[in-house]
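Labels A, B, C, D and E are assigned to the chains in the order they are written; within every chain, residues are numbered from 1.
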Amino acid sequence: MQPNPMFTVLRTVGAWALALLLFFPLGWLFLTSFKTELQAIHVPPLFIFEPTMENFSEVQRRSDYLLYARNSLITSVGSTILGLLIAAPAAYSMAFFRTKKTRDILMWMLSTKMMPAVGALVPIYVLAQTAGMLDSLPALIIVFTLSNLPIMVWMLYTSYKDIPNEILEAARMDGASIWTEFRHVVMPLSVGGLASCGLLCLVLSWNEAFWALNLVSAKAGTLATLISQYSSPEGLFWAKLSAASLMAIAPIVVFGWFSQKQLVQGLTFGAVK
Amino acid sequence: ATELVIATVNNGHMIEMQKLTPFFEKANPDIKLKWVTLEEGTLRQRVTTDIATKGGQFDVMTIGMYEAPIWSKKGWLLPIATDAAYDVDDLLPAIRAGLSLDGKLYASPFYGESSMLMYRKDLADKVGFKMPDQPTWTQVKEFADKANDPKGGVYGMCLRGKPGWGDNMAFLSTLVNTYGGQWFDMKWQPQIDTKPWKDAINFYVDIMKKDGPPGASANSFNENLALFNEGKCAMWVDATIAASFISDPKQSKVADKVAFAQAPTAVTPKGANWLWAWSLAIPASSTKVDAAQTFIKWATSKDYIKLVAKETGWNTVPTGTRKSTYQTPEFLKASKFAEAEKKAIDTANPNDSTLPKSPYVGVQYAAIPEFQAIGVAVGQQMSAALSGKVTVDEALKTSQTAAEREMKKGGYYK
Amino acid sequence: MNRLLPRTLMAPAVLTLLLWMIVPLVMTLYFSFVNYNLMQPGEHPFAGFENFHYFITDPDFWPAVGNTLLLIGSVIVITVIFGVLLALLVNEPFPGRGIVRVLLISPFFVMPTVNALLWKHMMMNPIYGVLADVWRSFGAEPIDWLTDLPLLSVIIMVAWQWLPFACLIFITSLQSLDREQMEAARMDGANSFQRFFYLTVPHLGRPMAVVIMIEMIFLLSVFAEIAITTNGGPGNASTNLTYMIFKQSLMNFDVGVASAGALFAVILANIVAAFLIRIIGKNLD
Amino acid sequence: MAYLELRNIKKSFGDAHIIKGVNLEIDKGEFIVFVGPSGCGKSTLLRLIAGLEPTTSGQLMLDGKDITNLASGKRDLAMVFQSYALYPHMSVADNMSFALKLANVPKDEIRKKVDYAAKQLNLTQYLDRTPKELSGGQRQRVAIGRAIVRAPKVFLFDEPLSNLDAALRGNTRVEIHKLHVSLGATSIYVTHDQVEAMTLADRVVVLKDGLIEQVGTPMELYDHPVNRFVAQFIGMPSMNMVPASAIPSFSSQTGGKLPSDGFLGVRPEGLHVHPGSGVGVPGTVDLIEALGSDTLIHVDVQGIPLIARQNERTPLRVGDDVGVELDPSVLHLFNREGQTVAA
Amino acid sequence: MAYLELRNIKKSFGDAHIIKGVNLEIDKGEFIVFVGPSGCGKSTLLRLIAGLEPTTSGQLMLDGKDITNLASGKRDLAMVFQSYALYPHMSVADNMSFALKLANVPKDEIRKKVDYAAKQLNLTQYLDRTPKELSGGQRQRVAIGRAIVRAPKVFLFDEPLSNLDAALRGNTRVEIHKLHVSLGATSIYVTHDQVEAMTLADRVVVLKDGLIEQVGTPMELYDHPVNRFVAQFIGMPSMNMVPASAIPSFSSQTGGKLPSDGFLGVRPEGLHVHPGSGVGVPGTVDLIEALGSDTLIHVDVQGIPLIARQNERTPLRVGDDVGVELDPSVLHLFNREGQTVAA
């Protein structure tokens, strides 16, 4: 392509402007979390002010942030690992032992994801209670895993399908058992897909709020439930809410920034041919 | 040690209590407190789901005056075992009545509130308006019209508009009450399409259209509080608890300019102001009853109030529960709204809040299980009417139908 | 290869998902035929089709169906169109491309709850929101977003969250666009617009299918954004099916009607799924 | 007894009968090449032998053992795939040693074998690279190396050179030949490249539609094709085929053995083109392809396009009138069904 | 005056000078073939002509007009890409008519042109298919058809046949030749296939490292290469190259013109192999490749590997002792720098 310098300038300006525009709400959240409550609702909105750490210390004083963060970490990592363990073999089997029903099964799996969680709340609540798993991390891990499973299977399936069949056949001729083949050939070849599938699952689990809010109370609360402590109490709360929100999303957003490349590479769902 | 899981709403007094946990745990070394603090709507969902499915996640629940009578009647709550030190007779009678069944207290009030009118003395002076101690809505409107100055960033009247039975319907119920209306007649027929409702809602929509802030149909307590604190409201009718916020200079730009009056009236003073108490209760399924009793007694005792006073000052104590609080000179000195608040609470009567006789308990709600659905549906319609999406008549008609549907579904009549 | 092996491998996923779907479904089915209000437990008299009747005749029902489809449709349209444009914009190198991409992708990592709170309070509030200030600075009357344009407001929030996702998929896909094809078109005399419409857009067919599919799945159950900002109102202007079911089950505590609603949602989901398989699924092999 | 024996092998995919009954005996050390038009089942047959597909019926015997139902990894065969199918995440050394590792061969023995193979294939300095750091030809050699280290009973090759460019293809072909000779290995090789088939094979198997048409040494097939199909398939450019009635003066040179509804086949080098119209059958030049060492002359003789090959340069130009002569000693006669008729 | 003229064309990518100054004049109707080793800049040069890359310096003249800075679409050239670069979502007909549609040619005229091209290329029955429903050879033809319908001033081909298999490559090559003749079009064709270059070209341009080594007709290049590079690059198998001092009895046959540190080049057909060690220089047979019509004999003569080509079958076998003789009339002499020395 002829790189017209004028064009590059336009592109640069446009892209930066749009990116800043789209990022603005988050930037604003960041700013607000350093304001006092009165500054937060100031009209017109304040861009320049003397920052205060008050909100963060208040959040830290009121809630055991580390406990929530730990729970978030455990549940999202746990459900990611569990999900990969279940999804990988299924996707492998779908990709390499295709039958006519494979696509139907895949679509059926995806359709289970379409049922609104609210509709199943009472049944699931009762089940969890019967199993004595209310307010426990395993319960959340299981629920997160199950609700992410369809997407994970699909993602892995598409990334496995990119592996040429001949390589597997070569392995088979080399005398590889199904496990060796999976462990030494399929897995290493799909690390990209596996990683980005894991990352996506991690993000989704981290941000899951409905089940986290409804199935746990004191011990297993995740950061998503932390927000509920700060949203609309009686009295001014915007700055504190911003601080709590920021603390809740910062780990995953920063994590997302760093793993962006990896995530993007596998986030194709077979869309790239 | 016994671990108590306590579900509370994320309001200031509760958060203060949470911070005072060490005092309780030091006094009761064998009890540990675990807090689950949730925003009001979520709390209600969680607590209801849990108690109804016997989930047993919570040992102590924070509930309101709406739930208390219904749940205690169902046997879902254990009575509070009061002792002499607790001095149950010290509780404000209206509050105590609302939380008791057959003379037994089923939930201990942690803090209570009514509603009242808050206004800007400076603006009233400016336009030459003299606020009576209990104004009528006509008077209030007159002041609102005069004070309204959107260009100058001041709106005549701030009222709740966000849909929800605990949001806009809490206020609107009192407005309907004072216009002589009610939710149900003695045959449990919804009365929403009657004249008092029409008058009340038309008045509400009129005044808000003319003198209200933009976005009023999304405003509830906090949004209005923010507006008022920013100096954007000349008047505001809402929970008495607001008084402590707007007169706190740390939060409010107009702390020194506010004044208080009783909730405005129209046809009748009956039910013009609501009554609410956030209370602590023990679900029947709890396995740690003794510890829970100990905790509740501590949290709602006179001593607790004194503890808060000692720790953070008398202007921050939970109010609206005990007569003794209002007899404490330090308290009266610290909060200039104490008197108005007590008067408002005293005049509210959940058992007799409407002009015609009603079969239900509750000022700003009807304490029947079906009410939540009705309140939510009607609230939606009222907020739609406020935003101009539908006319008042349509909104009321739809609401009436919705209410009839729910009542029919609830089996009140065929 | 014998057939046992693939089935064994698939079994955990299929069985757990089956359980995850069937058990609640059966319970939901049961609840939908009884009178079950959480506020009146204990007695569950058989209710026949009453719950379904109540759900469908609820005046909110049809608007909710309409809003659901409108929400899904517009978010998909917005994210696809702007996603493609953004992807095109950042596909070629320019100074700071890495940072721009990081900024663009950020909203995707934000919890829906935070997203909603953020927009409701800090962006769209008609008095002290940032948007109001922007409007005022142009001398215009600030828009009361959540009241006057409730559904649009929700659409904006949701689209903001999903735009990065669409954009990312398009970026990846653009990188696989055959360079020689583009050059062939250049030699055929196609200008940039013609190349875009005749080559780029058709090339993005597959990723579009993927984006539509995934967004459909997630948007069917948009809920936090509505519950936090508009409460489905004013009136029912921004109520979708999920929120309506939420209202029934967690605000009215009417499990019976909520279950009936959930079954409707399942039916809707399956209609959508069937539609997807027809139109899009084929595109995915 | 044959080393590898295919006994009436059949294979169907659903309703499609791809291999319709193949019998073949291969001796130890032989280099067998499968050729045939695209889709005739060459790869399928190879994959059946490899055990990558189960046979529908028939029997496979290797070294006296029935391997029909043995798992692929247990058959002691090695395959070189068209796309090489190298493990992209492993180094060259690991690629070559993978099978041995799986077979639990001791580490130092693996090393020895890999080193030996690498040396033979000139890969020693690349042992630590991954496949994507190699050129096409090097990858090819790794794929072969992977087969060699296993010292399998039979090597299978499926168009191993088709992804290489012409020059490299030529070199690698020669290398494979030398390797085969030096290892004395039994090999089956699928290709559709004439030259490869001719130069590499001990025996060529010509397949068509899932059946064997002819088996024989390259020169047997070249000189004595059993039918028209084989005759035209082997040799490049392919044999000129003239219907018996089309050019009577040609047909008359067959000594009457050509059936009147049959065909006369003559290889390009069996045709001689003379300038002017003095000698032979008159025709016109259609196209001249000068290849340096020899020249292809496309001539149109009474509407029949013929190709002649000669070893000298030609002064002819397109459109020239020429006379075409036949070398009667290398004629092939076919009946209507295409079967060869003894000349 | 030349139809297409390249005047001192240079091209750098950043610091990398890829095309280092190319001058070339192409006449109307000529078929020019670019050959050269991989990476020498053939494609780059073609892309410069096509306008797909801007030139760094130099001038391009087409039909008397300076097109150096003209947009690619306006140059009136058509290109056939190695990967065909067909528009995958358009039918064959749409692929072919795309350029005309963009140029607002009337519908029925487009139809006529497409139909004509399709008929010429035997594509009529596939006009409604999309590219992925076609075989490789058909796709190839569509790519050519796409170029034809535009009736461009110059056709550009970048290794158009390299993705086809051998047989198809042969056929398509002939078709392209005929097409070129029938259209009388000016063409530039990039390949690294010997045979294509030899048979198609009016003139061959040999490139190396971004510079032209030699331009000439195929036979000129074959018979009179200007240097060792061209000599070995043209011809298949390539010319045997013997250092002057390696086989004295060969060097002595050059009449003393061979510099003592130079090289003696002899094409495979210039070597004669005789059984036994009676005649010529003694050597041993390394490998025999019988191609049917001719035979390649790889011989080792005093450690130098030589390839001889002969038109007869050979009774020789690997390991046999032979005598190798030189045909003194076709020798090529090169000095130490590889420049040709007049024989």
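Keep this in mind: a residue touches a chain if its C-beta (ideal position, glycine included) is under 8 Å from a C-beta of that chain, and two chains touch if they have at least 3 such contacts.
Protein names from UniProt, one per chain: A = Carbohydrate ABC transporter permease; C = Sugar ABC transporter permease; D, E = Sn-glycerol-3-phosphate ABC transporter ATP-binding protein UgpC.
Note that this is a predicted model, so its numbers are computed, not measured.
Shared contact partners of chain A and chain E, listed by label: C, D. By number of C-beta pairs in contact, A-C leads when C-E and A-C are compared.
Note: centroid distance chain B to chain C, computed from Cα atoms, is 36 Å.
If you average the Cα atoms of chain C and of chain D, the two centres end up 57 Å apart. One inter-chain figure worth recording: chain B and chain E are separated by 91 Å, centre to centre, where each centre is the mean of the chain's CA atoms.
Looking at chain C, one finds that residues 38, 127-128, 250 touch two or more other chains.
Shared contact sites, meaning residues of chain D that touch two or more other chains, are absent. Multi-chain contact residues of chain B (touching two or more other chains) are listed as 45, 49, 53, 226, 230, 232.
The set of touching chain pairs reads A-B, A-C, A-D, B-C, C-E, D-E, using the touch definition from the header.
Residue ranges on chain E touching chain D, taken from their complex, read 38, 162, 165-167, 170, 174, 177-178, 181, 192-195, 198-199, 218-219, 222, 234-237, 267-269, 287, 289-294, 296, 298, 309, 311, 313, 318.
Listed in rising order, the residues of chain C touching chain B in the complex are 37-41, 50, 54, 57, 59, 120, 125-128, 142, 144-148, 229-237, 247-248, 250-254. By the touch rule above, chain A contacts chain C in their complex via residues 1, 8, 11-12, 14-16, 18-20, 22-26, 28-29, 32, 41-45, 86-87, 89-90, 92-94, 96-97, 99, 103-105, 107-124, 126-127, 146-147, 149-151, 153, 158, 178, 203, 206-207, 209-210, 224, 227-228, 231, 238, 241-242, 245, 248-249, 252-253, 255-257, 260, 263-265, 267-273.
Residue ranges on chain B touching chain A, taken from their complex, read 5, 7, 9-12, 15, 18-19, 34-40, 42, 45-46, 49, 53-58, 153, 220-222, 225-226, 229-230, 232, 239, 241-242, 245, 251, 253.
Chain contact summary for the complex, chain C toward chain E: residues 178, 180-181, 183-191, 194, 198-199, 202-203, 205.
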